[in-house]
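Chains: A, B, C, D, E and F, in written order; residue numbering restarts at 1 for each.
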Amino acid sequence: MIVTVNRKAHFNAAHRLYNNEWSDDRNEYVFGKCANPHFHGHNYELIVSVTGEINPRTGFVMDMKLLKDLIKDKIEEEFDHKNLNIQVPEFKDLNPTVENMSVVIWNKLRSHIPKNLKLEITLYETPRNFVSYKG
Amino acid sequence: MIVTVNRKAHFNAAHRLYNNEWSDDRNEYVFGKCANPHFHGHNYELIVSVTGEINPRTGFVMDMKLLKDLIKDKIEEEFDHKNLNIQVPEFKDLNPTVENMSVVIWNKLRSHIPKNLKLEITLYETPRNFVSYKG
Amino acid sequence: MIVTVNRKAHFNAAHRLYNNEWSDDRNEYVFGKCANPHFHGHNYELIVSVTGEINPRTGFVMDMKLLKDLIKDKIEEEFDHKNLNIQVPEFKDLNPTVENMSVVIWNKLRSHIPKNLKLEITLYETPRNFVSYKG
Amino acid sequence: MIVTVNRKAHFNAAHRLYNNEWSDDRNEYVFGKCANPHFHGHNYELIVSVTGEINPRTGFVMDMKLLKDLIKDKIEEEFDHKNLNIQVPEFKDLNPTVENMSVVIWNKLRSHIPKNLKLEITLYETPRNFVSYKG
Amino acid sequence: MIVTVNRKAHFNAAHRLYNNEWSDDRNEYVFGKCANPHFHGHNYELIVSVTGEINPRTGFVMDMKLLKDLIKDKIEEEFDHKNLNIQVPEFKDLNPTVENMSVVIWNKLRSHIPKNLKLEITLYETPRNFVSYKG
Amino acid sequence: MIVTVNRKAHFNAAHRLYNNEWSDDRNEYVFGKCANPHFHGHNYELIVSVTGEINPRTGFVMDMKLLKDLIKDKIEEEFDHKNLNIQVPEFKDLNPTVENMSVVIWNKLRSHIPKNLKLEITLYETPRNFVSYKG
């Protein structure tokens, strides 16, 4: 009996879209107001999804309390109330689009989740724009 | 043209997490406050998803009205305003985690849905914790 | 400049509607399936609203972090994952309808909020039923 | 790194469910109050999902701004504040069920999205009824 | 102890904005695409709010089950899956804007709610446009 | 017949909480991680509420299309994808708390709304923190 369990979390951060190999003009041409050098920000809503067999003794795929604490420790503590471009090392040379953020979050969590479980990340940048990544 | 149709429903129930092969201490150690012997409860939000070909005469995969009535008859009537551990026979010897609940709901609906249609259950225990099961 | 600040919180609890001065039959007649002696439960969503002048030095009516911690300490710790009828003293002789719960929550918070600020409670029993109380 | 990007949009429209090869009696028997000859209507919520590789220079699977404009141009302009049965040519001989609408929307968008990207449509007719179609 | 209890309901309807004392041109000039002679429609979300003393025996301001049934009987049965302009007598000579609809709904419910209770209507035409009316 | 009409809008912005008459240490002591000198950000959700008589010819309190355009012109264009502390003149010497932002937005809109109509602002900084201001 393969079940997917999902846990929601959230963090608030500033960012700008910027390719540091391009001129400022080209960044503004491609990214528009998202390239604002003074930054803008979002309330990110994160769903972490873990898929696997139900453990017959606990009835859990994975203890949601542990998953909640893992998200808090590895993602919220690193990203919440931060400037992603300046203060999160993974985005030093990587444009913090919501697509790239979903990959970074997946990579940060993958090694902490048992290998027999599949992992998928869904990340809302706004209620109207969101992405998913499953490795 | 394969389409998935989804119908939302809801029920309110009490439960506790409890493995009746374990001591009370072990239950509390594993399940924490979810093992409270006096129970707690949730507003469960249920999405039933049915996938198949569109019937060219009706434009339906399955009549949503029939699906709504089926969910009401087989799930809401059985679970709503009930104590899952005490009053729902499927959980007499099965821990009513949201994972196990999704499997029980899938099993209760499967035989009432035409065999050529796939069935998936999504069940929200809270707006922050939810699962899906597709058999 | 009088502003209302609002903070959302949530807790999950079991309850039944029951007037202990009535017979079981009368309780079932009046409260229907909400009188189920084995209890049912809800995900309660709580909004605490505080109204007053903006402090010109902080820009706050009240520090939302303090309000969040106050709600956690006085309400969530007391109500979350509890059986309201059995485990919350205020409901020993008071029917835990969502109306009475809103009054109990208001009373528990009032003395901890500065006297010059007005207090209002909004409590969702389900996404379809909710109440507000302002003292 | 294959990521799915999703963009939400919405439109308001009138429709009725009607198979024009059937009698009015049969339409009412099958579709009930949805066959009302004077029409009824909905706020449709649309999610367009596009899956593909992240472009390493932009960090985008597809520029969400372009996707937003494409949805506006091809779907919202055609469907919003319209009577689907009378004013949208695709439904001249096709029953505007939410299933058929998802297929029509997919077909209208497919040729405007790069061929290497997969396309999926999710369409909410109400918050309780929704469908998805992936071609 | 004065408490407000709120109950949500919903109905789906077609309408057009139209002042029948004006020319078609003037209607289109003032109401734009909302004046489309073939109609458009919405999922209306309705909140009925009733304010009064808590009955000390029941713990209710008003039995939510009765309120739910009243809304179903007086509003949903009259408006759901209808064309407001053609099929709802109140709008024969009254433009079915969401403002006028809130007044009509208030008037239809007022006489069925005990006189000592205050009544307020909140009506969502879309998730972005809504009104309230308290008599 | 006095009705309140409400229109939702949204903008994404960066900010930090900061009193420029205080030391950095005091700012961090009072505002915690909200004082991060590199900024963080939010998806702000704005509700503008206007109260007055229904115009008997239009059925409107105020044309929602005009209200939508006014919010876009006066608020969204000024705040969206901006750094509030650096790029919005009103916050040059005013701490951009959500309380102060609601007052600034009210002041920016007040003169553009007919004098006989009351104005109220509701502003969500996150889905869990929001304020309202009515002048």
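In this text, contacts are C-beta pairs under 8 Å (C-beta built on N, C-alpha and C of every residue); 3 or more make two chains touch, one makes a residue touch a chain.
All of these numbers come straight from a predicted model, not from anything done at the bench.
**Student:** Between chain B and chain E, which partner chains are common?
**Tutor:** Both-contact set = C, D.
**Student:** Give the chains in contact with both chain C and chain D, ordered by label.
**Tutor:** B, E
**Student:** Determine, using the mean of C-alpha atoms as each chain's centre, which chain is farthest from chain D.
**Tutor:** Result for the farthest chain: C.
**Student:** I'd like the Å distance between the centres of chain A and chain C, where a centre is the mean of that chain's Cα atoms.
**Tutor:** So the centroids are 33 Å from each other.
**Student:** When the centre of a chain is set as the mean of its C-alpha atoms, what distance in Å lies between chain B and chain D?
**Tutor:** Here chain B and chain D have centroids separated by 29 Å.
**Student:** For chain A versus chain E, what separation do you get between their C-alpha means, in angstrom?
**Tutor:** 41
**Student:** Which chain F residues touch at least two other chains?
**Tutor:** 127
**Student:** Touching pairs of chains, which are they?
**Tutor:** Chains touch in the following pairs: A-B, A-D, A-F, B-C, B-D, C-E, C-F, D-E, E-F.
**Student:** If you look only at chain B, which of its residues touch chain C in the complex?
**Tutor:** 10, 12-15, 33-34, 36, 38-43, 80-83, 86-87, 126-127
**Student:** Per the contact definition, I'd like the list of chain B residues that touch chain D in the complex.
**Tutor:** 1-9, 54, 57-61, 64-65
**Student:** Under the definition above, what is the set of chain E residues touching chain F in their complex?
**Tutor:** Result: residues 17, 19, 21, 30-32, 94-100, 102-103, 127-134 of chain E touch chain F.
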